[in-house]
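This report concerns only the one structure given below.
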Amino acid sequence: MNAIIFSAIWGVLMMFSGIFIKTKAVIRNLAIAGVALLLVVNLAELNHLLNLHINVRGMLVFDSFGMLFNSIAFAATLIYFLLSARDIEDVGVNQAEYLALIFFVLCGISIASSFNTLLMLFLGIEIISIPLYILTGSDKKNLKSNEASLKYFLMGSFSTGIMLMGIALIYGATGSFAVVNLAKQLDGFAPVMMAGLLLLLVSMSFKVSAAPFHFWTPDVYDGAPTVFTSFMATIVKAGLFITFVRLFDAAYGPSLAQWRLTIAFIIAATLFIGNITAVFQRSVKRMLAYSSIAQAGFMFFALFGYNEYAKEGIILYAAAYSLATIGIFAILIKMKDYTFDGYNGLAKQQPLLAFVNTIFLLSLAGIPLTAGFFAKYYMLLAAVKSGAYLWLVIFAVLCAAVSAYYYFRVIQAMYFKEGNGQVKEISPGFKLVLGILAGLVILLGLFPQLLLVHLYF
Amino acid sequence: MSQLVFLVPLFPLLGFLINGLLRKQLSKPATGFIGSGAILISFIISVVLFLDVKAGKTGVVELFDFISFGKVHIPFAFLVDQLSSLFLLVITGVGFLIHLYSTAYMHEEENQHFARYFSYLNLFIFSMLLLVLGANYVVMFIGWEGVGLCSYLLIGFWFKNNAYNNAAKKAFVMNRIGDLGFLIAIFYLLATIGSVTYSEVFAHAPELSATTLTIITLLLFVGATGKSAQIPLYTWLPDAMAGPTPVSALIHAATMVTAGIYMIARSNILYTMAPVSQSVVAIVGLATAVLAATIALKQNDIKKVLAYSTVSQLGYMFLGLGVGAYTGAVFHVITHAFFKALLFLGAGAVIHAMHHEQDIRRMGGLKKYLPITHITFLLGCIAIAGIPPFSGFFSKDEILAAAYESNKIYWVIGVLTAGMTAFYMFRLYATTFLGKFRGTHDQEHHLHESPAAMTIPLVVLAVLAVAGGWIGIPDVFIKDGHWLEHFLHPIFEASYKLKEAHVADHNTEFMLMGVSVLLAVIAIVYALNKFSKKPDLQEADGFGKVLANKWYADEFYDALIVKPLNRFSKFLDNVIEKSGIDWLVNGVGRGVQYSSRQLRLLQSGQVGSYVLLMIAGIIMLFVLQFFLKK
Amino acid sequence: MPVNYYIFVSLALFCIGVIGVLTRRNAIIVFMCIELMLNAVNLLLVAFSKMHHVMNVAVNPSAGIDGQLFVFFIMVVAAAEVSVGLAIIVMMYRNTHSVDINFLNRLKH
Amino acid sequence: MAITQILFWFLTALAIGSALMVVLSKNPVYSVLFLIVAFFAISGHYILLNAQFLAIVNIIVYAGAIMVLFLFVIMLMNLNADLNLKNNKLVRFAGFLAGMCLFLVMVAALKDAATKKQLVQTTAGDIGLIKNLGLALFNEYVVPFEISSVLFLSAMVGAVVIGKKE
Amino acid sequence: MIAVLLIMIPLLGGLLLFTVKNEGSAKSIALFTSIAVLAVSLLGLTVMNSPADLNCDLRWISALNSRFHVGLDGMGQLICLLTAISFPLIFVATWSNVYKNGNRFYALMLLSQAGLMGVFLAMDALLFYFFWELALIPVYFLSSIWGGEKRIAATFKFFVYTFAGSLIMLVGIIYIYFQAGQSFDMHAWYNLKLDAGTQNWLFWLLFTAFAIKMPIWPFHTWQPDAYEQSPTAVTMVLSGIMVKMGVFAVIRWLAPVLPDGTYLWGDTVSLLCLTGMIYASLIAIKQDDLKRLIAYSSIAHVGLMCLAIFASNKSGLQGTMMQMFSHGVNIIGLWIVANTIETKYGTRKLSELGGLAQKDPALAILLVIVALANIALPLTNGFVGEFMMFNGVFSSSVTRYGVIDMAVAGICIILSAVYTLNMIKKIFYGDSNTLTKSGTPTSFPVLASLSVIVVLIFITGVYPKPMLQLTNDTVDAILRYMKTSI
C-alpha cells in the first residue's frame, strides 16, 4: 500500500513542482529522491517495519512476491533516473510532467502487482497505459513519435476493449470479479469462463508484447523518445509480466493442462518472431525492441512452468532483464548514431562504456557469470520440471543461440570493427553508476539467491 | 653375463647422442672414431654374449615395465638366445666394417653432415639391435619402426635432392603399410593370448584355432613383406639406393631387410602350425625372387642391379622359411649379409672412384685400376652365384633342397632364378671390370684404388663371403658338418618336432646341387664372354624394355593408388568439405537471415494489418481452445 | 429475457466495432468504433449483473451489483482515454493535417 | 408477445443498425450521430434492465460529453467533408471477414453454455438504483474509486502535455 | 586447496594484467603466473596429493542445491598438468610476438586458462557448465581481436556453433538434475540409473555439445577456419587443450552417467569417428596451408580418442587419457613451429617454403621429432597412447565391429605418415628458394620450449608407467559405471 500511496502523492508533487520550481536540476533531484523514498518505504513494508493499514476491502493483496518485485522496479527506476534523468529534459519542456507521469506509471505498476480483483487489474493496467501513450508521443514535433503514440493508443485501447470483453464474460460465469473465484470449477458456465479467460490472455499477451499480439512493440519502442523506450521496455514490461504471473497463477494455473498447448504456441511464436526478426535490424534501438519480444518469449516459461522455480525465475528475470536493458539503453541514448555501425570502434573511444555494455549484452544473451544466465536458467528449470513439451525447451535454447547473433553484433562493432563510435559528453557520475550496474549484474550472476531469499519471509 | 646385454644397444645409442648433439663441435676423425668405436664395443660384447650362449647360457633380461594395463603387461625386456646372439654378431660385425668403410667414403661431406650421417647410422644399429634383442613383439615393433625411421633418414640423407626425399618417403610409407599388419597381429595376440612375450605366446599358441593362427601369421607376414621388400611392397627398395652406398650395404642388404626373415624365424612355431600361411610365404618369396631376378637382368645402374638381386635373394630366404627350412633361411641371411655387403661396398668403391658415376655402361676395364676392389667383387659374385665352396652355395642349396622336398615346382623355379642370378651378376661384373674403359678422360685420369679404410672391410668381407658358408656344410660332405643347425636347434626344435623335415637321400641331394651349379656355371661363362667383349650399351627394346622398366610396377601403383588417392582427397576438400558440410552449416545461418528478411515484412507499419493479424490470432486461439482440443 | 440474447447482441455490437477498426482509416472513426466495443461490453455486464441478481438474490439482496459498478468504472476509464486519445489525434493532425492512420508510416520492418 | 420483448427487439435492431451505420457511413459527422443513436438505444436497454443510473450516466457521459467532444474535434478539423479515407476493397473485405469470423467463433463457443437456460430480470430488481449503487461504491469500491482519481490525473496531465501548444 | 589455487591464480593474474599497461612487464607477469600454476599442479601431483588437499567443496547456490565442488582425480591431475604445462610453453614460444594492447592479450589468455582449469576440476554439473561457457568467452575475444583478416566471421561461427551445442547440453543437464533428485553432484549422477529409453535420446543432448567441441565429423567445419584465423598462441590453446574439453567431458560427464546411451549409440559414434579420421587425414594430404594441415590432423587424432572412449574398456580409456596429454603437448609443438615459420617468413603456404633444413637445422630436428611423435613412432609419447587406444578398439567387447574399426582406423597410421612426411619435406628438405634463402637459426626461447616438449615426448614415451598409474584408478572407477560388454 505504501508504494501506491507514495507514488501517487509524489506524482502530484512532481506535477506541481513544474509550476513552482524552475531549475531543472532541482526537479530532477526531487524525482530521484522520490524514487529513493518509494524504494525505502516499500522495503520497509516488505520487511514488515512500516505499513499504512488501509482497509482495501479485499481489492488488493500485498504479498512478498508483489512487493519484492515493486522494490526491484523502484530500484531499477532509481538507477534509470540516475542514468537518464538528464536526458528526459532534452525531450521537451514538460520535464516535470513527464516525471509525474512516470510516477503515476509506478503507481499503476504497484497496483497491478498487487491486484486482487479484476477491477483493480483493469484500473492498474489503464493507469500504466494512459501515461505511456503520452510519453510515447511526448516528442511532439517528431512525426515518428506521433505515429508511435497514435499506434500505441489505438491498439492499446483496442486491447483494452478485448480485455473488458473477457472480464465481462468471466463475470458472467462467476458472478464476481474477485481473483479467488477465478479458479472455481464451473460446470455449465465453463465455456463462458474459458472464452473470458482466453480474451484476457490475449489482452495480457498484448501488453507484454507476445506474438501474435506484439506488432505494436517494435514501432512504439522505435518511435518513442529513447529515454521513455528504456522505461517502457524494462520496468513497465517487467511489471506487466509480474501482473500476468499473478493472474495466471490464480486463473490458469489450476487448470493448466487445458492451457498448456495455447501457451506453448504463444511461446514458440514469440521466440521465433522476436529472435529471427531481430537478426536483420540495422538500428540497435529497433533490435532491442525485437529482443524485448524475444525475452518476453523466455519469460513466458514462467507461466508455462507454473512451479516454484517459475516464481523465483520471473523475479530474477525481471531484475536481470531490466538492469541489463536499462544499461544498454542508457548507453544507446549517449550514442550519436543508433545503427550498429554507430558503435564501431567504441572500445577505443570509451573503453569503460564498451566493457559494461558488453557485460549487459552478455547478460541478455544468457552467458554464465551474468544475471541473465540464471534468469534463463531458472526458466528452463521451470519448463523442464513441468515435464511437458521438451521440444519447446530445445527450440527455446536454439533461439537463444540465435539471439547471441544480434547481441554479439554490437560487441563485434565495439571491439573488432574499425571506426569511431561518436558519443555525447559523459559525466563521471554516469560512468560510476554504469559500473555499479554492471557489478550488480555480475553479482546476481554469481549468487542469484541474494535476491531470491526475500521471497521467503 | 647376459645381464650386460643392455650394453649392446647402449653404446650405439650413446654414439648417436654424442655425434648428434655435438655434430658442430666434433672433428671428422673424432666423429668417425666415436661412431665406429661404439659399434666395435658392442660387437665385442656381442661376441662375449655369443660365447656364453654357445655355452648354453641363454636368458631374458627385463629392463623396466613399458606398458601395462589391466592384466596386460608388456615389459621392456631383452632375450638373449642362439638366434638373437647370432644376429647380434652379424649386425654389429658387418655394421662395424661398414662404419669403418664410411669414414673414408663419406669424407667429402662437410663436418656436421658427416656427424649427422654417423649418428643416424648408430641410431640404426641401436634400433636394429632392439629389434633383434626384444623379448616380445612390442619391443621388436619398436626396433621395427626405428629401423624404418633410420632408413628414411639415411635414404634422404642428401635432402637437397627432392628425388631422394621422395624415395625416402616412399620407403617409410610402404614400411608403415607393413607395420600396420604387424600391429594388428600384435593386437590379435593380446586379444587371444593376452601377452606378446615370445615364451608365453609360443607356449599358448597350440590353444589357438587354426584360423586365428593363420590370420595372425599372415598379418605378421604382411609386416615382413613391408620390411623385407617382398611383393607387393618391394618397390621401395630399389629407390632406396638413393642413399649413400654404405647405407645400402648395411641397411638395404645386410641387416634391416632381413628383419622380416628374423621375425618369421623367431615365430617359426606359429607358422609351422599354420601351413596355409607357410605356403603363402613360400609362394610370395618365390614370386619375388623370380620377378626381381628378371628385372635385374636389364638394369644398368650398378646399385639397382644389386638392389634387385637383394630383393631376389630375400625372396629366396622367404622361400626357405615357407618350406620350413628355417635354418637354411637364417643361414642364407648370414651368408647373404657377407657377400651382398661386400658387393655393395665394392660398388661403392667403384662409384667413389668414378666420381659418383653409377651407370655401368660408362665403366668397363676397371680391373687394372682397382685391383683389390676387383678381386673382392669377383669373389662376391662367385659367392652369390652359388659356386662351391663359396658361402652362397651352401645356404642356397640348403634352401633349394628343402624346396625340392616340399614341392618340385618350387625347386625348378628356384634353380632357374639361381641361374638368372649368376647371369646378371656376371653381366654386371663383366661390364664393369672387364673390357675397356668407356668413361670420360678425366674420370679415367682420376681413377684410383680406394684408401685402406675402404679396402680393409672389402677384404674382410671377401674372406667371410668365401668362408662364411663353412659353418653349415651339409652332411653329404661332412657328417655333422652343419654346425649352424646344431647351434640353432633349440630355436626350431619345436617346429621340427611338429613337422619332421624329411631329408632327401644323398644321391638326390648331389643331383640337385649338380644341376644348380651346372646351370650357374653355364650362365657365368655365357655372361662373361658375352659382355666382356661387347656389352649391350644401347637401350633395351621389346621385352627387354619391359624388364628395364621393372614391369612398370611403379607406374602401375601410381595409377592404381597414388593418383586416385590424391584426386579423392582434393575432391573431399573442395566438394564435400567446402560445398558440402560447411555449406550446410553456413546454410543454417543463411536460412536465419532469409527468414528474418521475410518476417520483417509482417511488420508492415499499418495499424489495420496489425489489428487484422491480432484478430486472426484470437480466432486461431479460440479454435485451438474450443474446437481442436477435445 | 434469456441472457443469451444479450450475449449475442453485445457480441454483435462488439464485432461491428472490430470490423470498424479493421475497415476504417479515419483515426477518429476507428476510435469511435473502439468506444462502441466498450459499450457492447457495458451492455453485456449489465445483463450479466441482472442475471446473477436473479440467480443469487435469495442469498444476497444486492447480488450482481458489482457488475453495474464495473460499468461505471469502464465509463470513467473511457472518458479518460477519450481525452488523451483525442489529444493525440489532434497533435498528429497539427503536424500532418491528416487523421489517416496509414498516413504516418515511417516505422516499419 | 410482451411489451418488453417488443422493446427489446426494437432497441436491439436500433442499436445494431446504427452501429452498422457508424461503420458504413462516409461522413464522419454522420458516424458520430449514428453512434449517439446507438448509445441511446443501449441506454434504452439499461432502462429495460431497470438500471436507471447507468442509463442516465450513459446518456450524460457518453452521448453528452464524449460524443460532443468527438463532434468538436471533427468540426475543428472540418473533416465533415468526406476526405475519402477508404481502404481498398480487399482490405475492407478482409476486415469484414475477420470480424464475422470472430463473431461466429465466439457465438459458436458460447452458444451451448449454461447461460442459455438463464433468464435476465427485466423491469424489476433495485440494484440499478442510485441509492444502492452509491452505498456499494462508497463502501466496497471506495479504493478503486479513489485510485481512479490517479487515472484522471494522469489523463489530465497527459491531455495538457500533448494538447497545449509550445 | 590445490584445486582452488589452480583456478584462482590465473584468474587473479588475468584480472591484474588488465591494469598493467607496460607490455614487457605484462609478458613477464603472465609467464610468472603460468609458472606458478604449473608449480601448484606439480605440488598437487607430488607432495600435497591427499584428497583433503586436492578437493574443495563449498556451498554455492543452496536454492538449487548446487555446490562449488572442485577436485582432482587421476584424470584431472593429468589434464590439469597438461593445461599448466602448456601455458608457460606457449608464452615462451610466442615471446617474440608483439600484440596490440599486449596486456589484455595475456590477461585474456590467463582467464581462459582459469576457465579451462574450472572445466577440468568441476565436480558439480552446474559448475561444469558454468566454466564450460566461461572458457569460451576469452578465447572468442582473443581470436576476434588479434586474429587474421577473416577472423570475425570465423570466430563467430565457432562461437555460435559451440554455444548452441552447450545450450542443448544445458537442457540435458537440467533434465538429469531432476532425475537425480535435484542434485548436480557428480557421484549422484554416476549412481543414477536412468532407463535405456531415456538415455537413448538424452545421450544426444549432451553428446552434441561435446561432439562439436572435439570436434567429431561432421560437426568439425568450424575448426579449420577458427585455427587458421586465430593468432597462433590462441590456436595452441584451442587445439592443445580446448579440444580435450570435449574428450574429457565425454569421459567424465557422459559415459558414466548415461552408460546405456553410450552403449546404444557406440557404433554410430564410432562410425562418425572413423569417417572423420579417414576424411580428415585425406584432406590433410592435399592441404597447402600449414595451419589447416595441422588442424585436420588434429581432427583425425581426436576422432581416434573418441573412438577409443566408446570402446569402453580399460585399454581404450587409459590410452585416451594418455593421448589427451601427449596430443596436447605434441600439437602445441607443431603450432610453435608453425608460428615460428609464419612470423619469420610471413607465409604458411607449404608450396612457398622449402630447404629450411640447411638454414635452420635445429628447428628441423625438433620439428621432425615432434612430428614423428605426432604420428606415433615408438618410444615417443604418441605411440603409447595410440597403441593402447588401438588395442582398446580392437578388443572392445561392446561392439561387434571392433576389429574392423581398428583396421579402418589403422589406415590413418599410414595416411598420417604420408601427410606428416609431406609437411616435413616441403618445409625443410629440398633446396632453399628465394624466400627461405634468408633463413636464420631460430631464437632461443622457441628452441627452449620445443626442447622441453621433446624431452616430455621421450620421457612419457619411454617410461609411461607413472602416467598410466595416475589414471588407473579413475579408469577403474568410470568403468565400474559403464556398460563394458554386449
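In order of appearance the chains are A, B, C, D and E, and numbering begins at 1 in each one.
To be clear about the criterion, a residue touches a chain if its C-beta (ideal position, glycine included) is under 8 Å from a C-beta of that chain, and two chains touch if they have at least 3 such contacts.
The shown structure was predicted, so the numbers you read here are calculated from the model rather than taken from an experiment.
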Tell me, which chains sit next to both subunit B and subunit C? A, D
Hopping along touching chains only, can you work out the least number of steps from subunit C to subunit E? 2
Can you tell me which chain is nearest the middle of the complex, judged by mean CA position? E
Chain pair whose interface holds the most contacting C-beta pairs: C-D
What is the distance in Å between the mean C-alpha positions of subunit C and subunit D? 6
Subunit A and subunit E: spacing of chain centres that average the CA atoms, whole Å: 43
Averaging only over C-alpha atoms, locate the centres of subunit A and subunit B and give their separation in whole Å. 78
Note: subunit D sits from subunit B at a C-alpha centroid distance in Å of 104
Could you check subunit D for residues that touch two or more other chains and list them? 87, 91, 94-95, 98-99, 102, 106, 109-110, 115, 140-141, 144, 148, 151, 154-155, 158, 162
Can you tell me which residues of subunit E touch two or more of the remaining chains? 160
If a residue has to touch 2 or more other chains to count, which residues of subunit B qualify? 600, 603, 605, 607-608, 611-612, 615-616, 618, 622, 626
Chain-to-chain touches, reported pairwise for every pair that qualifies: A-B, A-C, A-D, A-E, B-C, B-D, B-E, C-D
Residues of subunit A touching subunit C in their complex? 119, 122-123, 126, 130, 133-134, 137, 140-141, 143-144, 146-151, 153-154, 157-158, 160-161, 164-165, 167-169, 171-172, 175-177, 218-219, 222-223
Given the complex with subunit B, which residues does subunit A contribute to the contact? 150-151, 154-155, 158-159, 162, 191, 194-195, 198-199, 201-202, 206, 211-213, 215-216, 218-219, 258, 261-262, 265, 273, 276-280, 402, 405
Of all residues in subunit D, those that touch subunit C in their complex: 4-5, 8, 12, 15-16, 19-20, 22-23, 28, 31-32, 35, 38-39, 42, 45-46, 49-51, 53-54, 57-58, 61-62, 65-66, 69-70, 73-74, 76-77, 79, 85-87, 91-92, 94-96, 98-100, 102-103, 106-107, 110-111, 115-116, 118-122, 125, 127-128, 132-133, 136-137, 140-141, 144, 148, 151-152, 154-156, 158-159, 162-163
Name, in rising order, each residue of subunit C that touches subunit D in their complex. 1-9, 11-13, 15-26, 28-29, 31-33, 35-36, 39, 42-43, 46-47, 49-51, 53-55, 57, 62-66, 68-69, 71-73, 75-84, 86-91, 93, 99-100
Show which residues of subunit E lie in contact with subunit B when the two form their complex. 157, 160-161, 218, 220-222, 279, 282-283, 285-287, 314-315, 318, 355, 357-358, 361, 372, 377-379, 384, 387-388, 390-391, 394-395, 406-407, 410-411, 413-414, 417-418, 421-422, 425, 428-431, 463-465, 468, 472
